[in-house]
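To keep things simple, chains are lettered A, B, C and D as they appear, and every chain counts its residues starting from 1.
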Amino acid sequence: MKLPLKGIVPPVITPLINNDTLDVKGLEKLVEHLISGGVHGLFMLGTTGEATSLSYELRKELIKRTSELVAHRIPVVVGITDTSLEGSLEIAEYSASVGLDGVVIAPPYYLPISQDEMKEYLEVIVPKLPLPFLMYDMPGCTKIHMSVGTIRRAKELGAIGVKDSSGDINYLYSLIQEFKDSPDFSIIAGTELFLPETILYGGHGAVAGGANLFPKLFVDLYNASVEQDIEKIRVLREQMIMINDLIYNVGKHTSKYIKGIKCALSVMDICDDYVAWPIRRYGKEERGKIKQYMDTLNEIIN
Amino acid sequence: MKLPLKGIVPPVITPLINNDTLDVKGLEKLVEHLISGGVHGLFMLGTTGEATSLSYELRKELIKRTSELVAHRIPVVVGITDTSLEGSLEIAEYSASVGLDGVVIAPPYYLPISQDEMKEYLEVIVPKLPLPFLMYDMPGCTKIHMSVGTIRRAKELGAIGVKDSSGDINYLYSLIQEFKDSPDFSIIAGTELFLPETILYGGHGAVAGGANLFPKLFVDLYNASVEQDIEKIRVLREQMIMINDLIYNVGKHTSKYIKGIKCALSVMDICDDYVAWPIRRYGKEERGKIKQYMDTLNEIIN
Amino acid sequence: MKLPLKGIVPPVITPLINNDTLDVKGLEKLVEHLISGGVHGLFMLGTTGEATSLSYELRKELIKRTSELVAHRIPVVVGITDTSLEGSLEIAEYSASVGLDGVVIAPPYYLPISQDEMKEYLEVIVPKLPLPFLMYDMPGCTKIHMSVGTIRRAKELGAIGVKDSSGDINYLYSLIQEFKDSPDFSIIAGTELFLPETILYGGHGAVAGGANLFPKLFVDLYNASVEQDIEKIRVLREQMIMINDLIYNVGKHTSKYIKGIKCALSVMDICDDYVAWPIRRYGKEERGKIKQYMDTLNEIIN
Amino acid sequence: MKLPLKGIVPPVITPLINNDTLDVKGLEKLVEHLISGGVHGLFMLGTTGEATSLSYELRKELIKRTSELVAHRIPVVVGITDTSLEGSLEIAEYSASVGLDGVVIAPPYYLPISQDEMKEYLEVIVPKLPLPFLMYDMPGCTKIHMSVGTIRRAKELGAIGVKDSSGDINYLYSLIQEFKDSPDFSIIAGTELFLPETILYGGHGAVAGGANLFPKLFVDLYNASVEQDIEKIRVLREQMIMINDLIYNVGKHTSKYIKGIKCALSVMDICDDYVAWPIRRYGKEERGKIKQYMDTLNEIIN
């Protein structure tokens, strides 16, 4: 994997036909859509990828096919988050065996654990990992907001970066401060709205869910941020906010973010919009709204 | 399974030698300890049983061996909580295949879901279950505190009871009120301290972690509550509080509850005290304290 | 004040005609209603009494008139909660000057403070208090859930009891455990539903909002609890739960509890239902519901 | 008051000699320090100004003396946050009577209220206000995070701006989006770290606590942000972060922010460091640290 990981790394959704079946053709179209949009890497099996809702067979099939489809054109990293150590290692080893580039670790997420317990967990799992790894802070799903100290310990153990999906910009800024003398340690925003700030202040990129839909927009915004072109940032950022306001906001449950992206990709004729249990895809009415919003966005976004 | 499930149903810890290996002999001793203590049923693979930290092979081995050891002397129910529908069904089917009596469902616990999503999830999973099922409210680990309405829907779909581990006694009282005209629907306290209140006001039993250590004490307290013997309740309740104050309170992390019980069982020479990742067993110093506290408790508890 | 404070001590609502004007006649009727119902004391200017919404003049008028009306028939304690030390002392001194019996201290509630800061605050305010004092734990309004250690410190400084309105029964039970060897230190439940448990396990009474409406019911439930008459407790407790379910549950805001009690008192023709800003009294529709519910309750409650 | 309010508006600390006595000379020095540092306005009696801890006499004395000292050189706004409507109006009227420019409203903060109740409260208080008003979102102290809809309602009723101290940058960005077509409605960051983002994306200023110490630094950072000078922003922002890391971080309680600023001002020989109850000023050890940190900062900050 080309280090440091930087730029736009979409948390790729997992195209499904039903709870057991990958949408193989959809995955192929999606991968080409993303690569032709200029993204710098792919993050498979994250929260947006519904990793924890999928059986192990399905996760492995996704990993294998993605590896074949990407064929090393860009780096691919894979989420190995699990509640069982054995489960995490199984996915890590499989990812290595099919030639992928790295793995992403979030804390085991059933039992609430402390910072000390997370550090000890890293000490036992890291030596068993066959690939480089990034850390993934996602307290909304894992319950623990990893401290800067825990990330520092992960770096000592070999971590090559951190993705922050806490939504807490002060934490993101603290990470940038903490590691400013280690420019190869990737600080990646998991909240796409923080992409410009992340780059302007010294971070490296964003795992942007919206890049599943509009990869080029996010790549352009990344480039404008690198170039400190404030006027261009303002224009592109407005478009990004529109995606957030329209596509991630239909209905009322937290799951609307995943449902919105999958539905929009289906409207774009890229892949099926099936969502794995415990979440259900949108019904006809919500799909109608997403279709209309995508028309609006397609007119505005270049 | 004899309905309604009632009385003392310990959330049985999973005796381990290491992260991959069941402490088979320990399991045997533990099962006999519990049955000879008079407990009314066993709950395997709950939070106390570290279900989510174990590989599927290990979970299945535990289920099979427990079934053989118990040999239908008392009912055994099994937690099938998982983030993937397929995973939950796999454990449910295996439990049925080895002759166990029921399963226990908690919400999928990675993605935060709504009450509506939980109800829809029940509608899809329940028809596939091969065994009777209870609901399990455990918001500290699953993030969702199931509403009384969600439990009512579960009952309509066939649930035979609910275990409440929310720690929220008003919720427990609401469940008792809601289902007071359905005496066969088991209301089980998951917070052992609420055992007397639960029984005095119309509930059915308790999934009491401390019953791993002192099964007879909890059975006696259950009986005193059924008999409304307030003086006896007071005496036994004081002893239960001592267990809580001493054994669940060594060290500072949430995991001290599981570590304390496993360590005490090891001190009692019943089974190994290994705890699965991401938690580690107590070190020498904490073990010394637990040993001393068990001496104190053994003198007091009959 | 007769020590220890025990039994039913209603958190008396403040009858108002408008934001500036006490409903003097209503106060008189309310005080007689409560005393003739057998309550053991009165708690003025608590959360239910809307203390913080009232001007200082109004608070003082309420204190003075209550003192005159009660005329030492039962003890009266007064909440002095304020964000400013001077404000708290002003109310305390005024309460002493008109012959009331004690004051009730909750933490200053704007700036979030720590347990240590609360202890230091007690050390400065207690020596200036002209009357005996109780502590008042109300984290939903004050943000700090006072630890058992903080209450212990208050007791060392002279506190004669504690009222727990945290809704956290484990905390209430911890207080009872902690002070079981000090039978003169009053442990008072602020959550009326916990009245029987409090008394059965060694506490002293309840500050029960519902006693504004049905003082005799709460006094009877207190007596049944003292006598350990479980059957009687069950019957009266069901009635108490009905009050909670019906009267405190109209509309959707937290303020419905205060609005419900005031509206019901108005329906009973005891006092006006005006509620001080930032809360507004019920409109016609909600009042209709309360009226109907009171008819139901009056048929059932003796 | 010159509209819109913009630029650096420090939340001025209240210099005290003890709990009852203003540090009059300190106030004079502080006001001159701030005005000569170039700040664009003053915000008295905010959270940093310990408004709620002060008696009404003291608040009024502060207001009067500040008005005399500033003598209309820059606009001065005054926090009127109180739990009682009468209290808020008393301060508002007094502020108008001594010639100040505006008031700042936060929600009544004892009883938890809903968005609807906050809107109704605004409808009753706004017509009684003698001065222009800004809204103040401070959920950490008031418990309610005012929705964008509530702020929109405030604007309809006449609000001239909003100060956001929620620490939630997404909320701040939502406010900027919502009111982007009303350039005279001031969007003011209450979290000083968000100053550059606020200005770059269309907001108007910051209520920056650190400007009590280093007014010129914040004014320079504001100007660099207006000029979109990213390199200059980076340099000055690093200095601002140092203030946060060093001065607001001594000790462990939330109050360390106020104590740190007051202690540093005392080290600068501007005013006394007394902090009103329930908070205590730093002891000798912490003061030593602040002194040392101020030496460091004075070397770096121009």
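By definition in this document, a contact is a pair of C-beta atoms (placed from the backbone, for glycine too) under 8 Å apart; a residue touches a chain by one contact, two chains touch by 3 or more.
This structure is a prediction, so every number in the text was calculated from the model and none was measured.
Of all chains in the assembly, none touches subunit C and also subunit D. Chain centres were defined as the mean of their Cα atoms; on that basis the chain farthest from subunit C turns out to be A. The mean-CA centres of subunit B and subunit C are about 38 angstrom from one another, to the nearest whole unit.
If each chain is reduced to the centroid of its CA atoms, subunit A and subunit C end up 51 Å from each other. Here, these are the chain pairs in contact: A-B, A-D, B-C, C-D. Across the interface of their complex, subunit D is touched by residues 19-20, 47, 50, 52-55, 83-87, 107-114, 116-118, 120-121, 124-125, 140-141, 143, 252-255, 258, 276-280 of subunit C.
Per the touch definition, subunit C reaches subunit B in the complex via residues 167, 169-170, 173, 177, 193-194, 197, 200-201, 228, 230, 234, 237, 241.
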